[in-house]
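Labels run A, B, C and D following the written order; every chain starts at residue 1.
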Amino acid sequence: MAMVCLSDFEAYAKKYLPKIAWDYFAAGADDCTTRDENILAYKRIRFRPRMLRDVSVMDMRTKILGTEISFPVGIAPTGFHQLAWPDGEKSTARAARAMNTCYIASTYSTCTLEEISAAAPGGLRWFQLYIHRNRAASQQLVQRAEALGFQGLVLTVDVPYTGKRRDDVRNGFRLPSHMKVKNLERAFEVCKMSLLDPSVTWNDIYWLRSLTRLPIIIKGILTREDAELAVRHGVQGIIVSNHGGRQLDEGPATIDALVEVVEAVRGRVEVYVDGGIRKGSDVLKALALGAKCVFIGRPALWGLAYKGEEGLQEVLRILQDEFRLSMALAGCASVSEIGQHLVQFSKL
Amino acid sequence: MAMVCLSDFEAYAKKYLPKIAWDYFAAGADDCTTRDENILAYKRIRFRPRMLRDVSVMDMRTKILGTEISFPVGIAPTGFHQLAWPDGEKSTARAARAMNTCYIASTYSTCTLEEISAAAPGGLRWFQLYIHRNRAASQQLVQRAEALGFQGLVLTVDVPYTGKRRDDVRNGFRLPSHMKVKNLERAFEVCKMSLLDPSVTWNDIYWLRSLTRLPIIIKGILTREDAELAVRHGVQGIIVSNHGGRQLDEGPATIDALVEVVEAVRGRVEVYVDGGIRKGSDVLKALALGAKCVFIGRPALWGLAYKGEEGLQEVLRILQDEFRLSMALAGCASVSEIGQHLVQFSKL
Amino acid sequence: MAMVCLSDFEAYAKKYLPKIAWDYFAAGADDCTTRDENILAYKRIRFRPRMLRDVSVMDMRTKILGTEISFPVGIAPTGFHQLAWPDGEKSTARAARAMNTCYIASTYSTCTLEEISAAAPGGLRWFQLYIHRNRAASQQLVQRAEALGFQGLVLTVDVPYTGKRRDDVRNGFRLPSHMKVKNLERAFEVCKMSLLDPSVTWNDIYWLRSLTRLPIIIKGILTREDAELAVRHGVQGIIVSNHGGRQLDEGPATIDALVEVVEAVRGRVEVYVDGGIRKGSDVLKALALGAKCVFIGRPALWGLAYKGEEGLQEVLRILQDEFRLSMALAGCASVSEIGQHLVQFSKL
Amino acid sequence: MAMVCLSDFEAYAKKYLPKIAWDYFAAGADDCTTRDENILAYKRIRFRPRMLRDVSVMDMRTKILGTEISFPVGIAPTGFHQLAWPDGEKSTARAARAMNTCYIASTYSTCTLEEISAAAPGGLRWFQLYIHRNRAASQQLVQRAEALGFQGLVLTVDVPYTGKRRDDVRNGFRLPSHMKVKNLERAFEVCKMSLLDPSVTWNDIYWLRSLTRLPIIIKGILTREDAELAVRHGVQGIIVSNHGGRQLDEGPATIDALVEVVEAVRGRVEVYVDGGIRKGSDVLKALALGAKCVFIGRPALWGLAYKGEEGLQEVLRILQDEFRLSMALAGCASVSEIGQHLVQFSKL
């Protein structure tokens, strides 16, 4: 079976992963409306392609927070990569480095931050963080990440409690006994979020700021009001995200929310988006609407499930090729030529 | 089979109820367009969730007409609960009391008001009423309800004649011979609505007012014009309802009608809504659009069909848990923080 | 099998009619988009029902061109009723008279005008007419109809050529040899429209006017521009019609076109509509949008196919009952209370 | 099986062509959204048909760049006709001449320009051109076409690189060994577009202009901005096209793009459209929205696959008959009477 597009990897993963793992990765909250909307919303955006522009030399490079990546697609934080491939996050780290892009390692990794760092020295990595009731635990994680050379802190703000994912409830999902959330090993009991602090507010950004010199990127913003608050509280970046549709069902698709966040932010900080990216042309749409970079979640897991590091590279390479082609066919030779004039929202 | 969400109870009831009972409960008028629209209309409403608000202590309590309930979901009036469970409305009353919420007992109960009262003393209950041709019969019912401690009178106004429910016609629906509409036993022949008075007008509200000191809640309003009339005629509350889509097909979904009713009422009386509530987040949407409380009809019957009192409690508990979670994920720690800023209507 | 609603008759006819006859009656032009849109467009209209109005005495009577009918549903002109029932148009005439409504007999009847008249003396009937190349033939038909007591002339204007109905082409549709288009027996070869004159223009209305004192109703108008021309050329009525979707595919649904025609006509002549009526509430919608009366085509044929005169009466009685019920549930006790305030167009 | 409408030919071709050839002709880029939208967009346009206009004498003739054709439907450039029929483009040329319309021969023909010319002397033909890296090759093709009597040069501008057609990738599509892209035989390796020059810009129009006196028609324009540039660079015509949905997926449907191109061009050059034409009424819609002529791609290939020259003539004849009928039913006796007043965009 030739792997031609990302849905080929999805089909593979669905076929070969244990059902409980597939279900966990695929799960959306409640009716999965938002999970599916993330994808459908891209289909409602139409290109306005321009012709006869010199696209003989294509340049997909961009910078995020000052660091160059080979193309504007990074790896979003997702948990439990050993469910997809034995080497888990170590493979993810290697693939991201090989493709010269950014990997956001999740707190819920099945490898330690140290193992991830050692697996792919020199790769661009950010660390995804929750604020725990036990602030000392959070502080220790931040400082470990900084010491290991992670270059950004991604604070997830949409999980005061875990969303209701019906299949996980039905399956009684929990990690197989030979896997561990190693970063939290002693303090944490998997699948109870009781360690997360639901009392966190914007003021805790100042506390986090006091712990580290790393840039803080806030993940899970969906409204202009919260985007404005994020800027005012001094974050360096915003990831427009609805947690892959796994938290509050029937919120907005991320590509729709991106528009209002970008408008509110007015260039003061970088804005990224995750959720629903399935083709290179989706990346082009997100950039046209103001994202500096996109991050992929489930497709990265499908790549891992297919062939570990190699499979994930294949996923990234397909997205890169498709992105290059759609840029060229839309008349853009470099990322700087991408702008809102390239797209319109379909009336349907 | 784990009961994870309300559709699990629906599937159970469809499988285990006698077809004639399932069909009766499920029936909508004509093409069932409005019945189904009640649900679809919720899906067209999108949340605008807010992040980083302290949601560590959640408070779902509210008051309806001055009485506190544990969360803003009550039991709508539906007929013939013995079709779902042998103990009928006695079980319903017990479950509502256990969950500390309001139960609106139907005129078409298969237990008497006295039996219902005795089954769950002290529970918050309203009594649903039609105006009969024989006004003395209506008067007697009102006075029995008041004497038994019912705290509100719900006047249903959308049944001058019964809607055309095709399946009931095909099935030749009638109550099994061992069940009776006990409140009307002598005066009433089941499934002929001939006792209801189609000449009732707004002036009859004054007559009803003269019979009782109980608050009057009018059920079945769908337009701003009628909402204004209801306020002017001195009712204490309005239930926006289309009778679960069982009366006039192709009227508005209740959640859509709620918007114009709330706008017309401008806070002068309390507004409630029923129809189409299937998830805790639907409750949050209804409250965001101005409802003080919602009432569930068919889901309560599915709960009864599953396990009587216990099954209905399970339905209510799931709704309560889902409502609490969706409040938290939208950034609200108490009902007073819920407002229209939380929602927008999808363009689709 | 109980006949509960009109689709029961449709299912019956599809099952028991010869395929070639069913296909002929069911056929729409090209992709059948307009045929199906006629029905779907009704579903996009929502009622705004009003409550607590005295609907104890219901009055469905109306007048068309001065003559009272028992309710605002007549029989549209359709051809070849013997394909549905051996007695053909004689049964149709009897059923219409029994229900005290108007029957528009088609030029393409399989009974003569004389047979139709004799079958149901005293019934209200209009005669549907094309203008033939041979004007003398048309003149003779008009004068026969007038002499026989037909009370209106319905001029069909949307058939300069016959629409392309794929199934009829595939079936090689033609009348069985024992049936004849008796009104045109000598001059006419079935299924070649070559006798119809595609050069007819508005001026021919004056010619028709000169032949008869009967009121002229023009059938097939779909735009405000043509409605204005019809009024200026002195017709007495307009039937908004797209020939059941059998002529130009992808024109407007008739209920949508009705709105602009009614607006253009401003009460100067009566406006009727056909196409897509399947429920009593469709009649209510059409009247709310300004139609004086509706006409049914295919449902009448299904009624004939079921049980001849008796079957058609059953169809009419169901529509009448449903219309009465929907009036009452919307808060109208008589046709004069029906108005545009009762409906709104759904945004979907 | 009777061939009644174009989808009959599609079904035939799908059944009888080798899968690899069917897939190649049917392919769209990526998710095939734009390919399918080309068709769906026509269905969202509604006619406003006018009645009682003399349509006894119908005239479908029009002129494109000064040359009369029998009706406004030509053959769009598509490659590899021998995949559909052994005689390939020679049959296409003969059918177009027989129907007295225009055939745009593709660079990727499996017959030489000389063979095409010889097959149907005197037929109206344009030649479709890409600009190659090797400009001498392009120049030679232009001059051969001009010498052979081709009357227009169609420059395709939407293929700086080939779109990603998943089925072709899966099939490993390439021409069977006995077929050749004869016009480019020595210089060209099939299915690598490496000979095409992705650095082409608007200035190259001036270069092309310098090579020939033939009118230049630019194919692949989808925006008002590019339409304005085309006019300014002195082209004689514009074909609004998205390459049948085979290049950039999720661009606009061509009939939607036509509207803005026609508006921008303001009559300064002729505008044509291809993509999604499946019925005669689609032609009427395109003309109503300002196209001077339409071109068919896949339907021509289905015709060839059915019966070569004869099959393609049958396809054209059906379109012609349907176009004539839809003109008449909309109230137009000649092409000059077709205008924007005939159509409206459906709200759905």
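Simple rule for what comes next: contacts are C-beta pairs under 8 Å (C-beta built on N, C-alpha and C of every residue); 3 or more make two chains touch, one makes a residue touch a chain.
For clarity, every value in this text was computed on a predicted model and none was experimentally measured.
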Review point. Is it true that over half of the residue numbers where chain C touches chain D are used by both copies, so same, or is it different?
Key: different
Check your understanding: Taking mean CA positions as centres, which chain lies farthest from chain C?
Key -> A
Exercise for review: Determine how many degrees of rotation, between 0 and 180 and to the nearest 5, align the Cα atoms of chain A with the equivalent atoms in chain D.
Suggested key: 90
Check your understanding: Counting in whole Å, what is the centre-to-centre distance of chain A and chain B, each centre being its mean C-alpha position?
Key -> 42
Study note, to complete from the structure: chain A to chain C, mean C-alpha position gap in Å, rounds to 60
Point to revise | Contacts with two or more other chains, residues of chain B listed in rising order | key: none
Revision key, fill the gap. A full list of chain pairs that touch reads A-B, A-D, B-C, C-D
Exercise for review: Name, in rising order, each residue of chain B that touches chain C in their complex.
Suggested key: 30-31, 33, 157-158, 160-161, 163-164, 166, 169-170, 197-202, 204-205, 220-223, 225-226, 229, 247-252
Review point. Mind pulling up the chain A residues that touch chain D in the complex?
Key: 2, 4-5, 43, 45-56, 279, 281, 321-322, 325-326, 328-330
